[in-house]
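The data blocks that follow each hold one structure.
Below are two complexes that have chain A in common, paired first with chain B and then with chain C.
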Partner chain A sequence: MSENCLVCRQVTKSYGNKEVLKGVDLTIEPGHIYGLIGRNGVGKTTLLSIMTGQNRAGSGEITYNGQPVWENETALSALCFSRELSPTILFGQNTLKAKEYLKSAACFYPNWDASYADFLIKEFGIDKNKKICKMNKGMMSLVTITIALASGAPITILDEPVSGLDVYMRDRFYALLLEEYARSNRTFILSTHIIEEAANVLEEIIILNDGVVRLKENTQDLIDSCLYVNGLDEVVDRAVSGYERLNTEQMGRNKMVCIRLKPGQSFPTEQYRGELTVSAVPLQKIFVYLTRQAGEENGYASFNDRA
Partner chain B sequence: MGMLLSMIARNVKNDLRIAVKTIGATALVMAFFIVYGQLTGDPGFFSIAWTLFSYLVPFVILFQFPGIYFGIALSMGTTRRAAFIGLQVLKVVVAFLCSLLVALGIVCNNLLSSMPAAFSVEGLLTMFGYGLLAASVGDFFGFFSYRIGGKLGMVFLVAVCAICGGIFGGTIGVMGADGMLPIIQIFTMPLWVFLLAVVVSCVLSGLSYWLFVRRYAVR
Partner chain C sequence: MQLSDEKSIYLQIEEMIEDQILRGILLEEERVPSTNELSRMYAINPATAAKGLNLLVERGILYKKRGIGMFVSAGAVKQIVAQRKSNFYKQYVVGLAAEANVLNITKEELLKMVSSAMEGKTTL
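Then we have the complex of A and B:
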């Protein structure tokens, strides 16, 4: 069961009085591409750094192959967490040239693929002699992507890999990721805010909200389980009764409700043909509905609503 | 165990690569101290002090850098203990090799020159001890400046150097040769006392370094 699985059990973490993670339970199985999504400051990077032994959990347990990850050479050799490089930091790796940073990666990752790294550097047009702190955000992301893909680590984690990348490079990255995934069957975890684009790549979605894993589900199953039901107010109300409502939008006499089907549940679309419009919900919208905090149920606050 | 040794070896290799990067800067510092020592013209204690400085300061610089880049090792899947042990191993190896190089230099000088220099096993051990001590100061400074952060870290290091230099220079300035007495005593103390002091200092510096890194969260 736990073979080559990265497992988090009741992981907590606090910074001062702020409890960021409140008991995360998560199992990362081999041979999948996971997407870790959550709102800003929800603790995605904290969770990923704890999962890879770069930060210590307040409590709880993180294991790989049944062995604790913390200070475990065998477990850590199988994990790569390519951290997001920040242009505002002026110490550590940011003071190095790209080639020096890559040399360190080559030194530490036991499965480092030097020829693949060279291919990626050429493909991305990375100037190896440029200092990381002198690079633009997109180029920094490309360096982290190069390290992640060439690391050869069975579980590879990328933190915001596409931030700062233009559309072309994002597309190129997704293609390279899928190519490497097909070639090696490695496990990838991507933390991202660009959800809609990544939906085609991510096999499983993990939504982190309010310090816990709010949802972990197959991406296509999640998209299939959510529907927009649009039509006259009273017809919609009648049709969606008994279903989990994620969101309601009122437009005059019309109403659009987002419902989520439970396993085994289906919506009788044929029965309401001509009365209601039933359509798919974009993944990004599902994420918005599922991660709303208390007080945000009625949509976004407007400047016009001020007292 | 094999995995730990392999990880230690990877850390030694990476630290050495980083340290070697500073070879130009350390050579410059050595050259400065040697030339300055010669220019001051004092054949006595000061030339010994400058020679010693030219040997010690490069160790501090050399080992400051693995400390500064400690976070990289941890962010690339190495354990804290492997990174820590790797750095300690490298310190011992480099201190030993440097003292050996100095010894070889002296032997060559004695073979080729008409003015033989004094050389003894005690001298070799003393050089090794000083090297280890300076390297410990270096890695501690490096990691400390990393913890504090880029620019503030640099300010911290400059402040430490200024304070140490100020105390050193001020004492000599005020007290003259008498101010050098404690330093002269280091040269005259029995070897075993000196080596014991080195071991204690290195253990204490290593311990404080370990206390910093053992639960360190990578940024």
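Then we have the complex of A and C:
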């Protein structure tokens, strides 16, 4: 089962006395596109860097193909973590040029595909001689995307690949990713905050919340399992009893409850036709409901409600 | 081409292929787009596209030729029409009646509306 899988077992990490990862269990299987989502500061980048041996776990183990990843050249050459570039580095501006990043990537990844990299550079209009500190955010993202796609690594991780891209380039990126995926069947993990537009591309969603994997599920199954039930409050209450509730909103007598079906469970929409409106829940909303912290259950605080 | 957020993507793929068969865009015994072609066209994960196609295979509307792809079964048009007919009451008529009840539209009024709609009138 563990063949070519990247596995985390009880991975923890603390920065000072702040425990960021509290025991992450996660198995990445070959041949899928995963989406890692989680709120800011939840430790997505920390987890991804630990999974690829760029950062040390506090405790727990990370294995690829059954072998520990840490300082293991064979495992590391199969994993690509294309980090976000930064216009500044330790001692000032990042004056490295795009071509220097590409050159080191070509050395590092044994499956590096130089002709594919050239194609992407041309496609994205990357000026190889431009210094990173002189690039805009979108251009930096395109450099990291080029490195990730051309790395040829069996497991390739892209951290916030679309964050600086305009709508056109985001579309272009998803199309190129799907094309490369269809061609190579490599595994990709994308971390993203732009959930809705990535939903159709991601086969599985991994939600990291409060230091652990809150959920790992097929994207379409997750969307199918959540429903809004909307109508007169008494009718809604009766209809949703026995179902897991993710969210409740009430305005006057109108109530809208988001329920989550367990595997094999269904909701008798037909029975309530004319009385209740049952509709799909956008993935982004499911994410909001599943990642709320204590004190956020009743929705957002309003400045108008201050005492 | 654009898919909506209203309905599961794989169900939309299933329905779209059905529609194309009914409209004569895809003919019986003809190859349908592969999962990778659908993935590219709609920018969706190929596994999701495959799920939609497999639903049609399970229903016998498509069949697999190993190593070549998926094809429209002979008699697919007839089968789709028959299945949609059997769903028609549940899918459209029950909802129509329920909405008519909410609006206090009488049975006679509703029947009159239906017959005028079937005559092709777009307004009453």
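We adopt the following convention: the second predicted complex is superposed on the first by the 300 of 307 C-alpha atoms of A that agree within 3 Å, B and C clash if a C-alpha of one lies under 4 Å from a C-alpha of the other, contacts with A are read in each partner's own complex, and residues count from 1 in each chain.
Simple rule for what comes next: a contact is a pair of C-beta atoms (placed from the backbone, for glycine too) under 8 Å apart; a residue touches a chain by one contact, two chains touch by 3 or more.
Computed from a predicted structure; not experimentally measured.
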| item | value |
| --- | --- |
| Which superposed partner A:Val235 touches (first chain B, second chain C, both, neither) | neither |
| Touching partner for A:Glu179 - first (chain B), second (chain C), both, neither | second |
| Partner chain(s) touched by A:Ile33 [first = chain B, second = chain C, both, neither] | second |
| Contacts of A:Cys5 with chain B and chain C, given as first, second, both or neither | neither |
| Chain touching more of chain A, residue-wise (chain B, chain C) | B |
| First, second, both or neither for A:Lys103, with chain B first and chain C second | first |
| Touching partner for A:Arg273 - first (chain B), second (chain C), both, neither | second |
| Which of chain B and chain C A:Ile194 touches, first, second, both or neither | neither |
| Touching residues (chain side chain C, partner chain A) in the complex | 3, 5-10, 36, 39-40, 42-48, 51, 90, 94-95, 98-99, 101-102 |
| Complex contacts: residues of chain B adjacent to chain A | 3-4, 6-7, 10, 13-14, 17, 21, 68-69, 71-82, 146, 149-151, 153, 215, 217-219 |
| Chain B partner contacts - residues on chain A that touch it in the complex | 49, 52-56, 71-74, 76-77, 79-81, 83, 89-93, 95-96, 100-101, 103-105, 107-110, 153 |
| Chain C-facing residues of chain A, complex | 32-33, 171, 174-175, 178-179, 181-182, 196, 200-203, 219-220, 223-224, 270, 273-274, 279-280, 282 |
